[in-house]
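Pasting a structure here, questions to come.
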Amino acid sequence: GYAKVDHCRSAHQGFPEVIFGLGKRAEQIGAIFQRLAEKNNPVLATRCDEDAYQAVQSLVPQATYHAVARVISYQLPDLAEGQGFGKIAVLSAGTADLPVAEEAVITARAMGCYVEPIYDVGVAGLHRLLDHREKLAEMDALVVVAGMEGALASVVGGMSERPVIAVPTSVGYGANFGGLAALLSMLNSCAVGVGVVNIDNGFGGAALAATIVRSSYRRSQAKAE
Amino acid sequence: GYAKVDHCRSAHQGFPEVIFGLGKRAEQIGAIFQRLAEKNNPVLATRCDEDAYQAVQSLVPQATYHAVARVISYQLPDLAEGQGFGKIAVLSAGTADLPVAEEAVITARAMGCYVEPIYDVGVAGLHRLLDHREKLAEMDALVVVAGMEGALASVVGGMSERPVIAVPTSVGYGANFGGLAALLSMLNSCAVGVGVVNIDNGFGGAALAATIVRSSYRRSQAKAE
Amino acid sequence: GYAKVDHCRSAHQGFPEVIFGLGKRAEQIGAIFQRLAEKNNPVLATRCDEDAYQAVQSLVPQATYHAVARVISYQLPDLAEGQGFGKIAVLSAGTADLPVAEEAVITARAMGCYVEPIYDVGVAGLHRLLDHREKLAEMDALVVVAGMEGALASVVGGMSERPVIAVPTSVGYGANFGGLAALLSMLNSCAVGVGVVNIDNGFGGAALAATIVRSSYRRSQAKAE
Amino acid sequence: GYAKVDHCRSAHQGFPEVIFGLGKRAEQIGAIFQRLAEKNNPVLATRCDEDAYQAVQSLVPQATYHAVARVISYQLPDLAEGQGFGKIAVLSAGTADLPVAEEAVITARAMGCYVEPIYDVGVAGLHRLLDHREKLAEMDALVVVAGMEGALASVVGGMSERPVIAVPTSVGYGANFGGLAALLSMLNSCAVGVGVVNIDNGFGGAALAATIVRSSYRRSQAKAE
Amino acid sequence: GYAKVDHCRSAHQGFPEVIFGLGKRAEQIGAIFQRLAEKNNPVLATRCDEDAYQAVQSLVPQATYHAVARVISYQLPDLAEGQGFGKIAVLSAGTADLPVAEEAVITARAMGCYVEPIYDVGVAGLHRLLDHREKLAEMDALVVVAGMEGALASVVGGMSERPVIAVPTSVGYGANFGGLAALLSMLNSCAVGVGVVNIDNGFGGAALAATIVRSSYRRSQAKAE
Amino acid sequence: GYAKVDHCRSAHQGFPEVIFGLGKRAEQIGAIFQRLAEKNNPVLATRCDEDAYQAVQSLVPQATYHAVARVISYQLPDLAEGQGFGKIAVLSAGTADLPVAEEAVITARAMGCYVEPIYDVGVAGLHRLLDHREKLAEMDALVVVAGMEGALASVVGGMSERPVIAVPTSVGYGANFGGLAALLSMLNSCAVGVGVVNIDNGFGGAALAATIVRSSYRRSQAKAE
Amino acid sequence: GYAKVDHCRSAHQGFPEVIFGLGKRAEQIGAIFQRLAEKNNPVLATRCDEDAYQAVQSLVPQATYHAVARVISYQLPDLAEGQGFGKIAVLSAGTADLPVAEEAVITARAMGCYVEPIYDVGVAGLHRLLDHREKLAEMDALVVVAGMEGALASVVGGMSERPVIAVPTSVGYGANFGGLAALLSMLNSCAVGVGVVNIDNGFGGAALAATIVRSSYRRSQAKAE
Amino acid sequence: GYAKVDHCRSAHQGFPEVIFGLGKRAEQIGAIFQRLAEKNNPVLATRCDEDAYQAVQSLVPQATYHAVARVISYQLPDLAEGQGFGKIAVLSAGTADLPVAEEAVITARAMGCYVEPIYDVGVAGLHRLLDHREKLAEMDALVVVAGMEGALASVVGGMSERPVIAVPTSVGYGANFGGLAALLSMLNSCAVGVGVVNIDNGFGGAALAATIVRSSYRRSQAKAE
């Protein structure tokens, strides 16, 4: 019945299977998760609440719940710096952006990248961001998560020569219109090298960054041979 | 007939008379301008093209045209630093924001303030803005003019303890939607002490800044007595 | 862990520390509040419900809850007229605008200003507003809080020579679109000297007014010396 | 062929025939106008430029052009106070609203009402409006024409016990969005007794007012008998 | 304290006092209602749920609850045909529009008009509407309540020579956008003599109709004398 | 070079080749038209001005220009009633909708259908539409073209048991927002059996109707064998 | 009282009676359902939850609940391939679109069509769709149900010569804006022969498809005779 | 004076200097271009008409004009396959998307990448796209340019494991809303590995792709050493 695998799913070969939890019932998520875990592949379920985790855990006891990120994982690789396809920094502007940022962090790790989280570097306190200049220069791709006015993407884009993936969040109220303010801000960024994904799509932002980094890794492997 | 003075006009006592040129014909602007100039007060006409200037100049030969700002002025005061009600900096992000920034500069001068223009300090090249840190600290109010993603207002708001008046511009295309991107960005600014005026309203931004500075001036005069 | 201070609200030197409660859990607010209160500074937490207050009070017993404003305060200064940085009037149009107006009142007080609340002066009953003419003339800045059609900002802006900070509220329904009607109305005000902040942002409106008033105060102090 | 009468404007018995000029070519307007004039009825053509008038006048020499209103009329009744179905005041906020206000004035006259134009009474200069209080009390219906923030409708609605028809105009720029600001403002008016028509629809506003006044006239005639 | 009377309220002399229940707590509504009822005037409270009614009834036992309309009334006049200021028909398109239509019916009655409800006459079944042709011709004003595509206002406006007040409702889903579809439809109506009020504003639609009818009544009284 | 055939084009086997003229230069249209005409198939070019026709005619002298519809045709079949795939009525509300309606008429003819144009049957004058009741019952599909409030689609959908294809037009101004009002109205139609195409897409509406009619024709052919 | 039949859903002769459950209380739905079932016709109630079903079943024990589709049916015909008016395929993009797709399936069956459900054929995994090519060619009409970017309608429209009815769903988040993304995508489809219905309107999409198929069936019957 | 270099386009070290022509006068573009060309670096000016080219060529005779792309270039590198930082395919849906696609092609070349243009592969004719499957697999990054419903990005994203940069165009009319339809479609793509830039931003899309490819190139160089 409903234990059908998500159709937008199986991104690339070697990437984990991913379940999108939003709008699925706990039992559905549990059943899909179990079926995927049986293949002994890494599995990720995003946008899941505690109930979904209960349902998954009763079937797949080794599954882990990442509460802030609202993600359930199975066989998440644990990479040290220098391991995996490459390095991705996930920057976030404010505390309220954390769930989206953490979803991005776990997704990028699940997709085989080493991740550096750089949080609370919103542009209203610029010095905190500037302190991370050198760290940013070592990365292979940057994921910038920001709500409200979303200005962080432009500032980071201006500072760095790496590809920047901007993830607007719905953090804000009033004339924020559910993330529209940050989305438009990021689409209109005058910095060079910035691409945008959907509002609150931490998964998608990290998946694009991982796609970039993996493409690059394969090429460098090819070259090295 | 049409030589009626603008009703939104007569701001404050001691401020110049102002004509809003948009949607008025050259002859109308000429006739209104002449009538106001006859009172021997400073006069300003905003959003005026060359034709309007011809019409004004034939009636008021001493009138001056500021082509970039699209403003016609008469008896504009020429203040040195330290003179007038106070100091206002007008910052702008990019070249295309100049007409709005210049409208703000001339308005603030016409309203009796010393003005410091600080142009081309968009956030994608942060160092240019950071170079002006000390200058900003000397000001009584800041007017920030920016289009595209409008991020400059947040960054300046975070750097400074002065009141910041943000003027979004319609510079941009596509998902800019005629200045909506910058407007929303500025309204959602997480910096403290930022107020916003209408898209492209250089006049209004400078008029608010001048109102702030004049209020403050009067108070300091009262105190000094 | 989460007991991180809000980066958007760390206003200016001498201003209280401020926590933005929306989207934070009661325990988070409690923990942050306690840490800030330990520095023996005034503290403010906005957009907090009763639960948040319980969490705060169990850690900081001297904290006070302002139920209408949904604000928790600690060491809020109690200024008499003539004390503090200056005088701010907070005007509101209707009963339903009270929570936003009260947030503004408490914020302005916390930032060291004497505040005069002038409520229920919506434009459909003009005489009530006109009765306050003289009071308004004594103020250093005005904060105008209004929902529905938001016309109050224009009328007050036309009546007064002081800086007016307009705060649109989401009060209304239907074609109000969550405060968009009042927001657009205020941005299009033809009165001179009006700046706008985000919908329902009583904190931001008062913070800008306090920034203006404090800037002016310092200047008058300097002058007096 | 195209000399077909506009189906949207064939109002009520005894009302003039009306042509909507927008999107019709000069010759089309001329041909329709002539055919209607031949019935020896009053005729009105709105939204017409000089070219259209040339085309009409060559066929119907007695036609008159009202340049500001962009209206061509034929056999427009010229009523003194006390004549016709009743009295309608047309109020407007600013100079730029004149074309729409004048379209309303001529329409109401053409529909048999005595009209009192009250112009330039925008809310940023309230005293001008308050001066007309008594005049307003004598009217049978009020048409309020305003662009920018459209606040005039609320203020007039609060002052008067007569039906108020609000006509938002597209006067403004930026976050005005082609009259949306005034439209939303008027729809959200908290004054009792205010109805709204389309942006720039001076014809429609006056036609509704005339419909109200004529309905009332017939009733008073019936009563008197 | 909160027992302040609504500021948008006091419509016209002789009209009932009205409380807008949305966003007020039950006790607030109770307290305001009691204070108004003590003046021995008719009182109306709109947008009230059962709880609000309990609160009112415990203080004002004679108050009545109209469950579909969500209105609480006190001393509502009960007029027979021919009594009161005049006749108003309230037409509605579908079953789901009933709450708004009933709010209009009770408001118009409270304001002294005889009301004829004509329900379920949506345009997809035209014959039902056409059956009421003669009835409509006897009315002094028409209130048309419709959601979804809101086409009823245009069809009624085309059929009748009476003033039509169109009330769009938020009935619908998807591309209805909370009543926007019906609102735009009504504002763009090509029928002559149609005015529009806010989405779901049954009160406002009826109040305008009653204002029209009362104005007309006074005139016919004056004439008869 | 640019003489590439349109990629959205070659609808169905046996349908004419179609060029979409909008945004193509006269020479481009000429060159594409010629190449398609050489195959000796019917050809249609929509959204073409006089210049485009000159360019086409110099290369394909037998091409015909339909000025109101802004369409250039070649070998357009001329079908009598009873011939072709079936019967389609194209209804339009007002004069200004004619270009879109005529585009639909010519497209449906080019696609092998017999077409009955029924113009100027807007809902504000219902009787004109009701006169065509019997005619409508004979059709195989209906195309309804309407701007402003777009109510015609609902009324026709309610009257008829045939499939109705609704084509909103951009006819209108102000709160019409370029056809959005009619589009939303049609999407929210409560009549059964109504499908909608893009604003001003007379081609698309007729093409869907023709697809329906042709599908049906083939089936009846199959059955008859 | 409320047991009035929905006027929007009284489709065509021979079609079932349909109740629109959204916004109706369980008892209302029960009462209407019972009254319709008494006529011994097929009955359908859409957008109904479990509670509504309880209410119906207690009155009409033979009624069936389709949980995913949220539909209650009575005397639903069970057609084999080749029976009924014709064949309709209902295609859907993802799992979350199922409720809308199933509503379409049951509606089309209730209206006398044989239905082929083709699920989970979203464009990000094209091969699954391409596998159904031959099946599609046998259909009389296609209903395409898709949320998120709604691209499936264009791809199916390009592949098939049958009429395509596109049903956008509100599946998605962020810049999906409640189905707006899929709606606009489908309205702008460059494929020939695609009509669109309201967001989430599975009923409406299937009803149009059934109207098309029945029209065609009658014609083929007529021909065969 | 105005001969200031554009601050938004000074990409990365080794990338060409870029001028954004929109909103600049021909002389301005000429002067800036000359100053940049004097440094003997590659120079690019986008969004330039013939007049701008005349102005440039009179100062920099070696400059080249790319008419379709509206780009002026100087010292554009001419790379063979295998040369440069990597391979980028630029795919476009329809003829009208060509200017944006060509802007992307020239930008990517100017930034040192080998470019493969793949045009006219819109989803309504899927086979044309499928023919390029193998070619796509050889690329390092893909730029997808599409207007109308923008579905191409999802289909390509589903087919390929490379990073996809989606560029929505403003090609379309009506409910396209200046490219909004394609923009939302692309942001909601359910394919993994898709990032979006602003409407019509061929430059930005190619610049991001080139940033990705160059980052990867450097890494593979580092590895090889």
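Each chain carries a letter (A, B, C, D, E, F, G and H) given by its place in the written order, and its residues are counted from 1.
Going forward, contacts are C-beta pairs under 8 Å (C-beta built on N, C-alpha and C of every residue); 3 or more make two chains touch, one makes a residue touch a chain.
Since the model is a prediction, treat every value here as computed from it, not as a measurement.
Asker: What chains, if any, are shared contacts of subunit B and subunit C?
Answerer: A, D
Asker: Taking the mean of the CA coordinates per chain, how far is subunit E from subunit G in Å?
Answerer: Taking the mean C-alpha position of each chain, the two centres sit 36 Å apart.
Asker: Report, in whole Å, the distance between the mean C-alpha point of subunit D and the mean C-alpha point of subunit G.
Answerer: Roughly 47 Å, centre to centre.
Asker: Specify, in ascending order, the residues of subunit H that touch 2 or more different other chains.
Answerer: 7-8, 10, 93-94, 122, 124-125, 174-176, 180, 183, 187-188, 190-192, 198
Asker: Could you run through all the chain pairs that touch each other?
Answerer: A-B, A-C, A-G, A-H, B-C, B-D, B-H, C-D, C-E, D-E, D-F, E-F, E-G, F-G, F-H, G-H
Asker: Using the touch rule from the top, collect the residues of subunit G that touch subunit H in their complex.
Answerer: 93-94, 122-126, 148-151, 154-155, 157-159, 172, 174-177, 180-182, 184-192
Asker: Which of the residues in subunit H end up touching subunit F in this complex?
Answerer: 93-96, 120, 122, 124-125, 128, 171, 173-176
Asker: Which of the residues in subunit A come into contact with subunit G in the complex?
Answerer: 2, 4, 6-8, 22-24, 168, 170, 178-180, 183, 198-201
Asker: Looking at the complex, which residues from subunit A come into contact with subunit H?
Answerer: 7-8, 11-13, 15, 86, 140-141, 161-163, 165, 183, 187-188, 190-198, 204, 207-208, 211-212, 215-217, 219-224
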